[in-house]
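Consider the two complexes below, in which chain A is the common component and chain B and chain C are the respective partners.
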Partner chain A sequence: MTDIASSPACTASRRAFLTRRNREKWMAWLRPVISISVPLLIWELASRLGWINSFLFPPPSQILTALWVQAGPQGRPPYAIFYHVFASMMRIVIGVGLALVVGTVVGMLIALTAWGRAIFRPIISAIMPVPTLAWTPVLLLVFGIDNRTTITVVLIATSFEIIYNVVAGLDMLSKRVFWVARSMGASHTQTFFKVIVPGVLPYLITGLRIGIGFAWRALIAAEMLAASSYGLGFMIFDAAEYFNIDIIFGGIMLIAILGLLLENVVLGRLEAATIKRWGVQVER
Partner chain B sequence: MTDIQIERADGRASALAAGSARRLLAGIRFVAPVFGMLLVWELVVRAGLVDGRVLPPPSLIAARGFEMVFDTEHAVLLQHIGHSLYRAVAAFAIAVVVALPLGFWLGLNRTAYNWISPILSVLLPLPAVAWTPIFLVTLGHGDATIISVCFLGAVFPVLYSTIQGVRAIPPHTIWVVRSMGAPRHAIFTKVLVPASLPTVMTGFKLGLAHSWRTLVAAEMLAALSYGLGYMIFAARQYMDTQTMFVGIVLLAMLGFIFEHFLFGTVERATIRRWYAHHRKGG
Partner chain C sequence: MSAEPAFKPRLAAIPDPGEPKIVAEGINKTFINRENGEEVVAIENLDLTIRDQEFVAIIGPSGCGKSTFLYMLAGFEDISAGTLSMDGHPVTGPGPDRGIVFQEFILFPWRTVLRNITLGLEMQKVPRAEAEAAARKWIGLTGLTGFEDAYPATLSGGMKQRVAIARALAYNPEVVLLDEPFGALDVQTKFYMIRDLQTLWQEAHKTIVMVTHSVSEAVIMADRVVVFSARPARIIYDERIDIARPRDALDPKVIDRQREVTEVLSAEVDKQMRREAGRNPLGN
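Let's look at the complex of A and B:
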């Protein structure tokens, strides 16, 4: 055994294998960097050399400079980017927080009570096909140009997905689990905290992750239609009125990066943690 | 023998009757709460508990809808619907034409997939509506901008599903068919297309739904004259909430039809047939 392992041919092949694995690992890191930066580089060159209209497609370096200036004291207003990002984030956090409460309550009513199911299910399936943003003009009439309008759009965009997943999670809990808990003498509160909550939580977080994806899309559009002063959607739409193309592209980049972070990194981690803790894999 | 047959037929008839009765009951169970909600809404508004100018009663919304179709002076609704449908379907069609070959290529070519997927994963969570300002500046208000934005909304779900569908095909299947001497186009039409079809169909469904949902926002931001989104947003300026709700109801109904009936029929016509056939074969 040791003979074979320490023979020169074997170590050579093992080393080759290891370096290949190492290279694979490096490539996994390097590939996204290259595949995203090469198009940007071509864009930069094409714009600088005049192959494409450099007013409509300013080079990425100019876009980053514009973002940098807007994020500093020279921006109009000073530190504008931070205000815009903060406004969007505040709206999404409040809206999603409300959706979490509303969605969980309605989802539990649907899954656990007969009357809740009878009342809410048809109403939800009647309202759900309405594109979220179609509500914006109505909300504008009710609330005016105000944070409440954009927050309500986020609430609507997120809650259906959360309701759906809470119901799915509770339906997956078989009746037997309840019977077992009951027969072992668990009280109602114990059943709730020890059986229902751990059973539903993974589904709830999956619903949250998908819902936040929808909410981010809806929020940006709603901010274009209904924000008065701050928010990333407002920023790019306002920049279009003044033909600040570099700010528009910069805003789009920020929206993409923040969306990716919200959906995949923050909630992806959370989802992975709950799956690890409770071991329920949600099939979606 | 005949007795048994008759009995069987009898049993089947009663089973069918029971089935349709059950379906009727389910239908009633579904419709009743919706009607209940509409009734409560109507009564609440009529009783003055809610401002009728903000939330018009359903009867008035329905009346406005009829007026907008049949009254010759205000008969603009069909034009709005027509423009919206044209934009959504055109954007979806372009998305399919672009995404389907690209998806097959990325699904089959591992190197290409590895290099291009980082770009896709950045573009995928980006809201299509965020591109609107760019298109507004380059293309101006109108159909070109709206269709471009909806195209971006529709193309990624179709592309993503196609890639997933093609990548999920086990290579053995292709090897087996190839080793039996099938030409390349036969591998494509007899293996790749049928095997990836269910996933691709899901992508189509999602793509059209995204196109439709993006359309509303794009029309509000960029339409000049017609379209349901434009209609809703323009009605806001006159505080014409009845027209706004007509638009919302229509958007929901058309979206529902797209998702459930249109693709339901296509699915039955292709997937069920092919897969039922496969099952029969063994």
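Let's look at the complex of A and C:
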């Protein structure tokens, strides 16, 4: 390899190859930036030149300014954006954390025990098609306008995907995997921590990814109905009351950005450390 | 094939049979066919004694119950009647005194090659350094050096099977059970694996039971070849292969033996086919 690569003819083509790879890398970055900024630029122009109603569709620069103001001491209340983002994120983190526990336990009971299957399978099949938001009025009556309502919405939205994927993951573990573990003399605890948990992990992460997507959408909607003072959903709903259209669009942008970060950056990292590193295919 | 083997040809004599290691007496295995509720007799009144450090290959028509017999030795399957003992103690379940290698490898994708091989020792709470030293020995002997930190998904079938073999040997079982170990490999890979691993089996000093459907595999590798009849399984051929190792596939003595076993086996397959054709109402 090395003696071929160091020959002059090869070095030139190698350098060309490297610059091409470098360019590819840049393009991979640039492409999404262009595809998002071009429509925003057109929007800016259209709004400023009066092609579209600038009250209903304020130019993006105005939206960003409004967000900037609301993120600072002049906001109402001061630093409002941070409170809204923090409130929504806290609900997501707590709700998803609870769903992770509930979903994993229920999923394992369904996949590994006959009684768990008998009890939970029919219940889950019946409840799964119900949109999470349909529960919100019930939760409002039970908990009132409270964090518990929004957190429970997140919990419900995430649990089903996690249960479904944990069951799928355990079903995919071949009987022979357990045979190998047992012929190594594995105890039940060892089989659980060294075989079942890592075996299910890729599926759990997939369930988490899809579940968080659902949870994020459900949370924003639930905050419109059931948040008293903070949260991105509440912020949008509140802004609508006062015709602060720039804040509405600002909220939408923040939801998009945070959703992207949650689904791609946080979970992307988790997947890179597990599924991608192991080269495991998760079938769904 | 005329190329010199990589290792020094050591013409090792076939060891004299040792003390009985595994004794099967009057083994019966019946299944209930789930579809029609009929009782299927897989194995009927089977007697077989496998001696200490003997390499026995079991061969037979497909579906004859040879794998079932191997799973009974491993403790994965119960016996319906008869006695099955190892060192005078009845086999009641899987244990680390018997290592298993499956056709489908069954590696743990979340563990590197090294960690797959140390797992059996981890299960037995062997200190990490000690487990790694043992694993590295088998990594060397199975030709996996340089692949210690690779994940199974990045390996070819042949390499995966080397990992499975090293893993089964690493926790030092007394008996190694091979369930069609080369069945999932292409002809080339299989040829090199069988050649490369010839010395491994001798140096391991284990009692080895291999189930296979390849006559050449059986004759080249084993000290003794046992042929099972079509279902219900009985022993219709049981001979020692007294040919010095390493064995060459083109050695006339090897070819003679292969022909002998093939005749017994194909007569049995013919009989099975005729029986099945007779059962076929179309009678073709």
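The definition used in the following text is that the second predicted complex is superposed on the first by the 253 of 284 C-alpha atoms of A that agree within 3 Å, B and C clash if a C-alpha of one lies under 4 Å from a C-alpha of the other, contacts with A are read in each partner's own complex, and residues count from 1 in each chain.
As a convention for this text, contacts are C-beta pairs under 8 Å (C-beta built on N, C-alpha and C of every residue); 3 or more make two chains touch, one makes a residue touch a chain.
On a predicted model such as this, the values are computed, not experimentally measured, just so you know.
Q: After the match on chain A, would you call chain B and chain C a fit or a clash?
A: Aligned on chain A, chain C fits beside chain B.
Q: In the overlay, answer first, second, both or neither for which of chain B and chain C A:234 touches.
A: Neither chain B nor chain C is touched by A:234.
Q: Between chain B and chain C, whom does A:131 touch in the aligned arrangement: first, second, both, or neither?
A: The answer is first: A:131 touches chain B but not chain C.
Q: So, does A:198 touch the first partner chain B, the second partner chain C, both, or neither?
A: second
Q: Is A:180 touching the first partner chain B, the second partner chain C, both, or neither of them?
A: The answer is second: A:180 touches chain C but not chain B.
Q: For the three-chain arrangement built by superposition, which of chain B and chain C touches the greater number of chain A residues?
A: B
Q: Is A:164 in contact with chain B, with chain C, with both, or with neither (first, second, both, neither)?
A: Neither chain B nor chain C is touched by A:164.
Q: Name the contact category of A:190: first (chain B only), second (chain C only), both, or neither.
A: It touches chain C, and chain B stays clear.
Q: In the overlaid three-chain picture, find the nearest pair of C-alpha atoms across chain B and chain C and give that distance in Å.
A: After superposing on chain A, chain B and chain C come no closer than 7 Å at C-alpha.
Q: Overlap the chain B and chain C contact sets on chain A and report the shared residues.
A: The overlap between the chain B and chain C interfaces on chain A is empty, containing no residue.
Q: Sort out for me which residues of chain A touch chain B in the complex.
A: Those in contact with chain B are residues 31-32, 34-36, 39, 56, 118-123, 125-127, 129-138, 140-142, 213, 216-217, 220-221, 224-225, 233, 236-237, 239-240, 243, 245, 248-249, 251-252, 255-257, 259-260, 263-264.
Q: Provide the residue numbers of chain B that touch chain A in the complex, in ascending order.
A: 29-34, 36-37, 54, 114-116, 118-119, 121-123, 125-134, 136-138, 212-213, 215-217, 220-221, 229, 232-233, 235-236, 239, 241, 244-245, 247-248, 251-253, 255-256, 259
Q: Touching chain C in the complex: which residues of chain A?
A: Answer in residue numbers: 174, 176-177, 179-187, 190, 194-195, 198-199, 201, 274, 277-280.
Q: What part of chain C is in contact with chain A in the complex they form?
A: Touch list, chain C to chain A: 74-76, 93-96, 98-100, 102, 104, 106, 108-111, 119-120, 122-124, 151-154, 171, 173.
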